[in-house]
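The structures considered in this document are given below.
Two complexes come next, and they have one chain in common, chain A, joined by chain B in the first and chain C in the second.
Our next item is the complex of A and B:
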């Protein structure tokens, strides 16, 4: 199933195209983040009439939507190509999807840069951006669907050739993640194509605000799992190889992914807990469903630490925690994702607080929430993506990860850890004191509370500046690995399943069953409240676009 | 499917804690009545004055009883309309005695706004077409900043007032 050679050069080129977009996005988005923290510290004014909310929109769109989507789809193509292969036809369709996504990205980016779309990446109605903002976003989603169906086709073709065999673990995981993405993006596509585009073009006069928000958050929460699952792919099936161990259990890994598919979608109301117009019973039901993802998270934590401990002990390290010494802390391919994993402990805890029904009122829309997702996606996920890049990029460009770059990568990880601890830590504290998120510098009429918040905003600027150094380091590492590192063959590390693991039962590949349960849960969680929202909807809202300019 | 013995213990402990946790949330929500703000009443956002609570003379603070108050607010970009004072200028600060029960009811005439009395649990979304409402007891004296915590346009960070509990 797996070989130690690199991908063929056509597949490498496809994946690298995605990586170039991802790293350009990292740099632009990171720069915007730095500027925001400086403005909020009250020490800096943006030049050339650029608005705070304009750079905030760029930051959100380019990091949360562009960087993640391109990196993930590119990485997943490399996994599929490695495990089940890619035909010329499939590669053509992958390229087609890539160009559509890129065209959509550029369309949206130009609209934002012209100052016509200062609506942030959540684009809540009835704030209205220029129509090309929404059209561009729709094209990104449609392009990603081509990626989805290409991946589905790849596994389907492999299964037909290998009748009766279980699919390779990573291919299974990619297909789960793309199923999740496809089902989730149906919501955002529905609101963008059916509500926002006709309304922004003036074809209809009003928009149903609550419905559009509900459709957005139907997508918005699974979106975060779409970011997280590729990191889990690396944790489950690649890191064991890097540390010289084996996958603890193939079936538990698959089970965890299936549970994520089921329980990441019917949960969007936990982003809408403080909103009027939604029955609190349905909010509570979705809160309960939200917490079901704790089960696969517990499975994952156990599997990871079981792999680490077994590997450490096999290398001869003993004692209650002595096996930790058996882990390759000086190998950045392990170190960066491991730091990401450790950050997931406070990140996940914060997430539990946010989703806790009535407790959400304490932190809703405060900068605590911003601190939270800079730990989840901004540390756990991105450090794992960096950890992947250290071997993926050289293996695609036919170069080697040098020991110098390895050391620089470890420094990069430490810089990120320090910067994020300061920035996210002060965001969490300021949020508990009531400081709002998504707001430019303001003294709020000189209240004592607001002056308290500003000292934390200065701390955020310090953390943000350190993080930007981390971004420059990472972009340098990327450029070096693409164009300057010595030629050679870098390993594409795919772990094997432990010989002690039980065989994987075939029911785990019963796609109809898992998709059926997923759809049933979505229908259960959303049918009645959505009918309620539509039946009891107030008069719709006309567009408001002057106030964003 | 096979589970390692320790993994079974780990999952039993984890899922057990989860059930306990959700039970606590459920009791809080349904027995103690601590639900997140979820007011279901709707309103025409183009004509909020048609609703009694949002008529000009009813905006801002009104005393209902000895220790019962009602605060009605119209949010718009980038202002909270808390009514007019005796001299006819816009109210920017509301004073409420400590220990009073206060019902906040808020709506918007334009886009989505936030309504957060910073440092308290008075925190809700305000959406066109809906009335957001929340009752609370303000116990601790102090000056609280009322901030819009949902982006509402380029002047969003200027949208604020104060509530003084004395």
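Our next item is the complex of A and C:
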């Protein structure tokens, strides 16, 4: 497992296939985002009869579901290939999963583009899309499960060959994330396959709306952690190498990942705090469980700062914060994810506010929420993914990250920071002033309150336009790194654990224990309320077709 | 644990000396905690006021 060789060419091809889908999605989704902010500013009307809710659905589905899933699964395959290896058979099954996901994506995308699925990425019932929208989504999930089981198999085979050894840190993290994904997607698969598909095909007349939303959010919150954990993989185990340091503690990193697995699933009710039909006691319990996630989050913050401080001090920088000068700010592989980390401070804080029952009443369904997740996934996660791309893509294509691209990457990061600060900042403020999320441009009959929002909506268009420049830059950088950069060997940076760190206790790899606790927590948090929802639901709803355009 | 074996006590000393200095880290993480608490109370005040 040397660092200074590229991945073998077969694994590289597999990972690059995922990356191509991810970057095409970035461009399409970003363009839709730009159009939305322009429409909402009241300055622009969509041509050719394209609907606002149609492009909003494209934006959400292609960025939140397609870009993320393809990037993450591809990146994770590269990590597994590097740390535990990949057999030909495993690679074949990975390709099989990829093609199923791609076929599902195209099916769903075509349905949306034909205007047959204006249901937004949460596809809340009773809004009904054409059945192929749901069938495509189900295929994306099923394809991703093949990825899950391929990763599980890879670690299993490695463990059998290396009896008694602890698994490589990154392989451990990938398996945690795929376990999280598999357990979480069972919920969305259940609602799509058992509720939405039969209902949209007309095989049943009505749908239990509350049950479908509950199953969606059982998946929807861990989805956020499925995005975030690959970023944490880079923070914990790759950035230390880039800055010339070591991993602060292998045990702490594993413990944080285990806690994320346990506490990011039994918490979906914090998205349904205003929902009638769920007993407040269970909402309270799930809010408490939500707050448990603060522990591994602050563990991560501590671990990152410690890595930075130790590395800076080793380089001879002293003083309380002098070590900050010892960090390679001019290296985009560090700079982009570091900016992402800094953004996670307001992003995480906003999340705690959202999940607090009383404050949720202040921000629920306002554009504050949109501002929030454009910080989490739209900045922290995506800037870390960009930061990964700067070394991953050239190392896969057998090329070098040039200093010109490094500089362009730093400019890209700054453009993103400026654009997102303006856009997300104005979304947060407008949300506190009551501006709704998701809705197209409206003056709301000239009401005074709505007139307070318009300047923030214009600011969102300004921020959105700057962000789109950032997307064009990133797509250019991607194209350059794939086809034009000079040939060479780009380092695949894997950090080593600090010699000061305590040895990792073996109980951290007691999979049965962690999966057992995870399932027990889920059963505890969901069994009674779900029985309640099924038994005491009002009559189900018939479908409503394309009522929003 | 009032009667700590003096030998044990001495054994612990060198380990703590080689511990890395993490003052900046401590303050940074506490500042994040403070930022969270302050932001939370600002929005809570908004909730109370409305």
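Some points to look at:
Convention: the second predicted complex is superposed on the first by the 543 of 549 C-alpha atoms of A that agree within 3 Å, B and C clash if a C-alpha of one lies under 4 Å from a C-alpha of the other, contacts with A are read in each partner's own complex, and residues count from 1 in each chain.
Operating definition for what follows: a residue touches a chain if its C-beta (ideal position, glycine included) is under 8 Å from a C-beta of that chain, and two chains touch if they have at least 3 such contacts.
If you're wondering where the values come from, they're calculated on a predicted model, not measured in any experiment.
In the superposition on chain A, A:444 makes contact with chain B only, while chain C stays out of contact range.
Legend: residue contacts after superposition of the two complexes on their common chain; A:284 is shown touching chain B, with no touch to chain C. Of the two partner chains placed by superposition, only chain B is touched by A:210; chain C is not. After overlaying the two complexes on the shared chain, residue contacts for A:51 are found with chain B alone; chain C is out of touch.
Of the two partner chains, chain C is the only one touched by A:349; chain B is not. Judged by the touch definition given at the top, the superposed model places A:313 against chain C, while chain B stays out of reach.
In the superposition on chain A, A:244 makes contact with neither chain B nor chain C. Once the two complexes are laid over each other on the shared chain, residue contacts for A:358 go to chain B and to chain C alike. When the two structures are aligned on the shared chain, A:295 is found in touch with chain B, with no touch to chain C.
Shared contact residues of chain A, touching chain B in one structure and chain C in the other: 298, 302, 306, 356, 358, 361-362.
Residues 18-25, 27-29, 32-33, 35-36, 39-40, 43-44, 46-47, 50 of chain C touch chain A in their complex. The touching residues of chain A, when paired with chain C in their complex, are 298, 301-302, 305-306, 308-310, 313, 320-321, 323-324, 345-346, 348-350, 352-353, 356, 358-359, 361-363, 432, 500. Chain A makes touch with chain B in their complex at residues 51, 53, 118, 120, 124-127, 209-210, 213, 249, 251-252, 255, 272-280, 283-284, 287-288, 291, 294-295, 298-299, 302, 306, 356-358, 360-362, 364-366, 433-442, 444-445, 447-450, 502, 505, 536-541, 544, 547-549. Contact residues on chain B toward chain A in their complex (touch as defined above): 1-4, 6-7, 10-11, 14-15, 18, 21-22, 25-26, 28-30, 34-46, 77-78, 92, 110-112, 114, 116, 118-121, 123-133, 143-145, 147-158, 160-162.
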